[in-house]
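Order of writing sets the labels: A, B, C and D. Residues in every chain begin at 1.
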């Protein structure tokens, strides 16, 4: 049973150095929190994947100083939404991922996957970093 | 958007106005006709065009694929915003794509290239 | 001079039937409002293009009943932001644009262009329609 | 993610665990080695894998392009989420991609195909 209660106590923060080896544990933590909040296995997969894409981007594109940058993930419930926020310390890149020219590759599907799997996506680029906010409604 | 096709040393596709998502198919079919006629070198004159969106970009990239390594696309524009966008989306990184600020230069370039082919 | 005043009187709404022929005038209206708010030509181009992509999507993907659906555009200034909201009456499509298989095409760059050109992008899918919120900071 | 390559009627790439953005290059290089060796038919056994993100999908699509029309990629998974994702991103629409729920079926299929080639 989904917890649609405004008083859901989930408001969990996880901070870690921007290292590729932490991607798997970070997305699995988000998946566990979503499971605890009562989502079905299928929706948990969607949340895990969308969050995984955002975390991968934060490490790959949002950490100008590499491992000395940190990533912060916050998960909480608000009204009818389960929300994951991924914050990094980078500037949003003003370039589209389009391969090296003659070879248009498949890059650039991360954001489209987030949109396809979540109900609301906010990408907010500020001077102190990018934050990606993903929400999934309880249905 | 208005399209006018004329024939110089290569076909010249002159576009006036704004190329967008819903007008792009019209541009695509004009280009497809030229490619069907055997043309692989094309000049896009964008001097009188001041807007292109992802739909127009899709046609440009589609054209670059269709003419592949055997053809060239010379693109004329001196509109800073259009040029910046072509760079953003990666069109300018295709080796068969070249940007010119005037039609004369784009034609001169084709003359040079076609001379070498003889 | 950008109007960074909270009391900027721009809070303009434009509603129209979801027809492809209205795309050009709608994006040009947004461009004129942005010009009036004091943005440079280059930034006006970026706002026009990002809004144009959102409006094209609303017509193409967010209008299940075609011309009998309507699109609403709102432009306003808030604090240091110029905001354009495009609302449609459709459901967000749970499919990625990937061509017909063997031919991966260039589709699916609209959203990436919005992200590259604007500072904050919100895509919110509700039961009554999708809304796309684009903000550009005055700098 | 763990990768194990064995040779049956075609090379079998068995993946265990989670394939993501930062592990995908490892998978790609294992595949590239097989393609360099002249293989165009590949079996991906995903039975023991339960996660793939856009980085892994990119490798799959890249492989489909590399083996192009001459090869086939038979993919084994009965994980509903993985199958749903392959459908969402369009991998399953490639004519050279086929999905199987068991490795045996995927191998049977290759036997049929390769028989026709003789």
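The rule is short, and it goes like this: a contact is a pair of C-beta atoms (placed from the backbone, for glycine too) under 8 Å apart; a residue touches a chain by one contact, two chains touch by 3 or more.
Everything numeric in this text was worked out from a predicted model, so none of it was measured.
Peer 1: Please identify which chain has its centre, taken as the mean of its CA atoms, farthest from the centre of subunit C.
Peer 2: It is D whose centre lies farthest from that of subunit C.
Peer 1: More C-beta pairs touching across which pair, A-D or A-B?
Peer 2: Looking at contacts between chains, A-D has the larger number.
Peer 1: Measure off the straight-line distance from the CA centroid of subunit B to the CA centroid of subunit D, and report it in whole Å.
Peer 2: Centres of subunit B and subunit D (C-alpha means) sit 38 Å apart.
Peer 1: Between subunit A and subunit D, what is the separation of their C-alpha centroids in Å?
Peer 2: About 27 Å separates the centre of subunit A from that of subunit D.
Peer 1: For subunit A versus subunit B, what separation do you get between their C-alpha means, in angstrom?
Peer 2: Chain centroid spacing, subunit A to subunit B, equals 39 Å.
Peer 1: Between subunit A and subunit C, what is the gap in Å from one C-alpha centre to the other?
Peer 2: Taking the mean C-alpha position of each chain, the two centres sit 23 Å apart.
Peer 1: Would you please write down the residue numbers of subunit A that are in contact with two or more other chains?
Peer 2: Correct list: 94-96, 104, 106, 109, 113, 116.
Peer 1: Would you give the residues of subunit D that are in contact with at least 2 other chains, written as numbers and ranges?
Peer 2: 61, 88-89
Peer 1: What is the shape of the graph in which nodes denote protein chains and edges denote touching chain pairs (line, ring, star, complete, other)?
Peer 2: Topology of the interface graph: other, matching no listed pattern.
Peer 1: Sort out which chains touch which and give me every pair.
Peer 2: Chains touch in the following pairs: A-B, A-C, A-D, B-C, C-D.
Peer 1: Give every residue of subunit A touching subunit D within the complex, in rising order.
Peer 2: Touching subunit D: residues 20-21, 23-24, 27, 41-42, 45-46, 48-49, 52-53, 56, 59-60, 105-107, 109-110, 113, 116 of subunit A.
Peer 1: Would you mind writing out the residues of subunit D in touch with subunit A in their complex?
Peer 2: 18, 20-22, 51, 53-55, 57-58, 61-62, 80-81, 84-85, 88-89
Peer 1: Using the touch definition from the top, list the residues of subunit D that touch subunit C in their complex.
Peer 2: Listed in rising order, the residues are 61, 88-90, 93-96.
Peer 1: State the interface residues of subunit C toward subunit D in the complex, per the touch definition above.
Peer 2: Contact set of subunit C toward subunit D: 94-96, 98-102, 104.
Peer 1: Residue numbers of subunit A touching subunit C in their complex, please.
Peer 2: Residue list for subunit A touching subunit C: 92-97, 104, 106, 108-109, 111-113, 115-117, 119-126.
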